[in-house]
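Note that the chains take the letters A, B, C and D in the order they are written out, and that residue 1 is the start of every chain.
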Amino acid sequence: MSTPCRLPARVLSNQRAGADTYWLEIDAPPIAQAAVPGQFVMIGFGLGRLDAPFLPRPFSVGWRGDDGRIGLLVRRFGTGTHRLAALRPGDEVLLLGPLGRGFRWEQDSPLICIAGGVGLAPFLFMAPEAIRHGATVEILYGERTGDRVFDPQLVEKLTGIQPRLYTEDGSRGQIGRVIDGIERGRRIQLFGCGPTPMLRALERLAREEDLPLQVSVEEHMGCGIGTCQGCVVRSVAGEWIKSCTEGPVFRREELSWRD
Amino acid sequence: MSTPCRLPARVLSNQRAGADTYWLEIDAPPIAQAAVPGQFVMIGFGLGRLDAPFLPRPFSVGWRGDDGRIGLLVRRFGTGTHRLAALRPGDEVLLLGPLGRGFRWEQDSPLICIAGGVGLAPFLFMAPEAIRHGATVEILYGERTGDRVFDPQLVEKLTGIQPRLYTEDGSRGQIGRVIDGIERGRRIQLFGCGPTPMLRALERLAREEDLPLQVSVEEHMGCGIGTCQGCVVRSVAGEWIKSCTEGPVFRREELSWRD
Amino acid sequence: MAGLSQRLWGVEFQSPVLLASGTCGYGAEYDGLIPLDDLGGIVTKAVSLEPRPGNLPHRVAETPGGMINAIGLQNVGLKRFRDEKLPWLDEHLTKAHVLVNVVGHTVEEFSTVVAGLDDATGFLGYEINVSCPNVKGGTLFGTDAKALSELVRRVRQTTARPVIVKLTPNVPDIAVYARVCEDAGADGLSTINTFPGMLIDVEARRPVIGNVSGGVSGPAILPMGIYLTWRAAQAVEIPVIGIGGIRTAFDALQYVLAGASLVQIGTALFVDPNAAVDVQRGMAAHLESQGVAHLSDLVGAVELPNHA
Amino acid sequence: MAGLSQRLWGVEFQSPVLLASGTCGYGAEYDGLIPLDDLGGIVTKAVSLEPRPGNLPHRVAETPGGMINAIGLQNVGLKRFRDEKLPWLDEHLTKAHVLVNVVGHTVEEFSTVVAGLDDATGFLGYEINVSCPNVKGGTLFGTDAKALSELVRRVRQTTARPVIVKLTPNVPDIAVYARVCEDAGADGLSTINTFPGMLIDVEARRPVIGNVSGGVSGPAILPMGIYLTWRAAQAVEIPVIGIGGIRTAFDALQYVLAGASLVQIGTALFVDPNAAVDVQRGMAAHLESQGVAHLSDLVGAVELPNHA
């Protein structure tokens, strides 16, 4: 892990890419250069303002361009993400990153990426990187409703592949849960990012099938760099460990999966 | 006094009119219709944000157009006025007004308006109104430095007259204090708006010359409508009276001028 | 907005939203500006036995996410309040309730004010202010359990109207004072008053506030108010009125879930006179969208985790 | 930035700006990100005798103009702190000073931690944390004058290093506790720790914070922190460290004028890791622009109005 960098940066573009869903591109060469898939940035506005997001918010690096831009997939959720979704080209943000530990993979078996909602973000970055190095990558992407589905053309452009799509209301892609799309009895590497219930189901499946699994977890964060101890998850040893520095990506064996 | 009105309103224009000095026009028909010179508005951004100005700020109605616009003269001072100075056409503000008691004048003797700095604002509104009703009006306008002088062409356009200008550094207009420009021994009505030391000097002069004087005072305000008791000044009877409802314009006899 | 009504102290509150003491004058100031009589009620500016002059300016200033005030309880005093202010309230508010905020230096002064008002019409009950940080000795009663108990007992004996005690946040454990008030016969609690605060003009090297320090209110104190309301509500059976930093219906609902039967809006009114009306409307909309029939179903309904 | 230096507790502080406990880990986390050794110093995360597991998540959330945290004093414990964390500080900080924030359940535990660290190198002294609102009994010492006095006396006997006591804001009058500490032999005070607060997720009807309540910090508490620092500084002769909501050099200078010799920056670091460095630079610029030779000329230099 390289030392993260504090970077005042400019928004290059912000486009709506689905209901409540935005694709934000920011000019951030040092972060683009250093980031690996699964890492994240803290994005905020600095000390000049009090309005939410006052504390910066964590977002997966959702892509990087050769020209030093990074892409973030932002879903409007609470006050902070509403403000981020309203960013305009030229607006200045304060970035800290890249942060945390990313996904690690082998070339020898297919990578199956299970994305729930905005959990798609890290895989938009990971898929093309892994493919470029010769891996076979598949993304299974689930959303609650069809209107929230992240623009498939944009996914194609960013990753060169098309995810298999699942929606709970069946309005787009296949109806059902993304996890049901995982083919069993095959040697694969599993990667998961999404809501906790999905990660739990994924862990159970991986355990049953004895498959390697890495998951990216989400916790409320204060600092993003390991100072505040705000972002903890339960380790397999029963201790609270920091998801910002030990994670956000963990191997399934590292975490405690009891309630 | 009519009941003030709470009005979400749009900024029509904002132009720089001197160093740290801005001329803001806002579409506010009900306020434009009801306002009299010397009244003020509270301008803020509503409850959606915490950044200064969180509490609305008081500004003299600096002009009104027949089309329902009002003009405010904004000088950058602290955090709140910096934000107001940065308003752009189309931005929404929350207005409350018109508030307080304005200037009252007779037609029978010349009106001499003594403006210190942004104390010019109420007279930009008052001068044309009084002239229209047949009064003779003169504005004596003082600034600390020449670069802050409010654009003379804009004054001309808004009022149809040219103030006599005084600057302390002598870089524009006459050098010296605005108060020295008052011709003595003549029957005039004096009106003052500006820093407290200026108002004190003016009061002394008016007392010595036995001239009628009304002053507009400035105090920190919470509500602007008489509920918080935040904006008090000392009455001649030694009581604290609310400048937002009893003022901001007072006859010199109403106030206590001791320190 | 039927779901918002509640019966408390023998009367019907059409809405849980009241205007907080010191931020709505004596009501008349809002006449024509907001529909006062559609609210749950208002709490008057503090009334003392004699008129009080109040503090030197500046009396108010903005702080990060809030404000500081040191009005010093300037008020017209018992007699003028009764003669000049109460009649307006009596005439204009037929549905909204009025609580009179009462202050005093001594138990005697408090009870004299209460006795002097008690046979008048135009108000429901008293909010006993033992928590104003802006006058010397202003929180004496609020931080001294024995004095507080004596005060509440005495006021209780003086009136049959509802007696609500407004607590200060500046104590190690508000639950202690909440219980003292309940035991002494209070009908309700208001939590919270402001936090003592200070600002300094760095260039002038002088306090910004004429009184040197003042009370901090506004959104900045929201989480403290919710916590203290929760603590107080857990400690007593009597109704609690939640106060502190409420701007939105969601803020107000946090207080309700924490245990408040009513809420008060203060500083937000300065930012937008419509604040209370909007909060009230937003609460009704929330009940409807969540299929909750009565607001009272939410009072104190926060679910604590098992481990807590 | 010569004007910023001050001699306190027998050593030179090159700057009055320290990083607050719990917001800078054990220092190493900032390595390469900010020039730690150019600051006045850092205060470590609380160290207890045994490692503490800490509270359930969520542990942090945003509040209006601030944040709430309930970490629960998760820390590696005395032994690992001494073996694994202190050496890094010893090696990397040659100019900036280190204060070790110490917590305990009992007088015994506090003094055992102090005794267990005292012969180590890499730190200047102790900040005794009697004020953490996020653990059961965490403010016991901070709100009980007798217990506080005993604790400070005992720690005083255990070490010759500077003993600074970090006070809680949740008391009717902080001056009382400030004097207790001074009388018991404390070398300095830190004011203030966080305010207890709570947030409720209205849809889920559950507390946002796993521990139900937590401590509120950030700009929202700035005016309270300045006030309490002023009260404490007025009450004692020993140096006071001002803490609470500092974002800018002007915020820090308000604390200094109120009586603080040093300041600590906490929450602001999360918003911008450069916060402390920027505050320090801004303070130096202010001294220069105002023609003030030494920061110490401003300590406590607020002028009160005649009437106060």
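Methods note: contacts are C-beta pairs under 8 Å (C-beta built on N, C-alpha and C of every residue); 3 or more make two chains touch, one makes a residue touch a chain.
Predicted, not measured: the structure shown is a model, and the values here were computed from it.
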Chain separated most widely from subunit B, comparing mean CA positions: A
Approximate Å spacing (C-alpha centroids) for the pair subunit A, subunit C: 46
For subunit C paired with subunit D, centre-to-centre distance based on mean C-alpha positions, whole Å: 33
Distance between chain centroids, defined by C-alpha means - subunit A, subunit D (Å): 35
Between subunit A and subunit B, centroid-to-centroid distance (C-alpha), Å: 54
Where subunit B touches two or more other chains, by residue: 50
Residues within subunit C bordering two or more other chains: 64-66, 218-219, 247
Chain contact topology (line, ring, star, complete or other): ring
Full enumeration of touching chain pairs: A-B, A-D, B-C, C-D
List of subunit D residues in touch with subunit A within their complex: 22-25, 29-33, 45, 53-54, 57-62, 64-67, 69, 71, 74, 218-219, 247-248, 268-275, 278
Subunit D to subunit C touching residues, read off their complex: 56, 63-66, 68, 139, 143, 168, 170-173, 195-200, 202-203, 205-207, 210-213, 216, 218-224, 226-228, 230, 245, 247, 250, 253-254, 257-258, 286, 290, 298, 301-305, 307-308
Subunit A to subunit B touching residues, read off their complex: 49-51
Complex interface listing, subunit A residues touching subunit D: 3-6, 44, 46-47, 50, 52-56, 80, 94, 96, 219-233, 239-240, 245
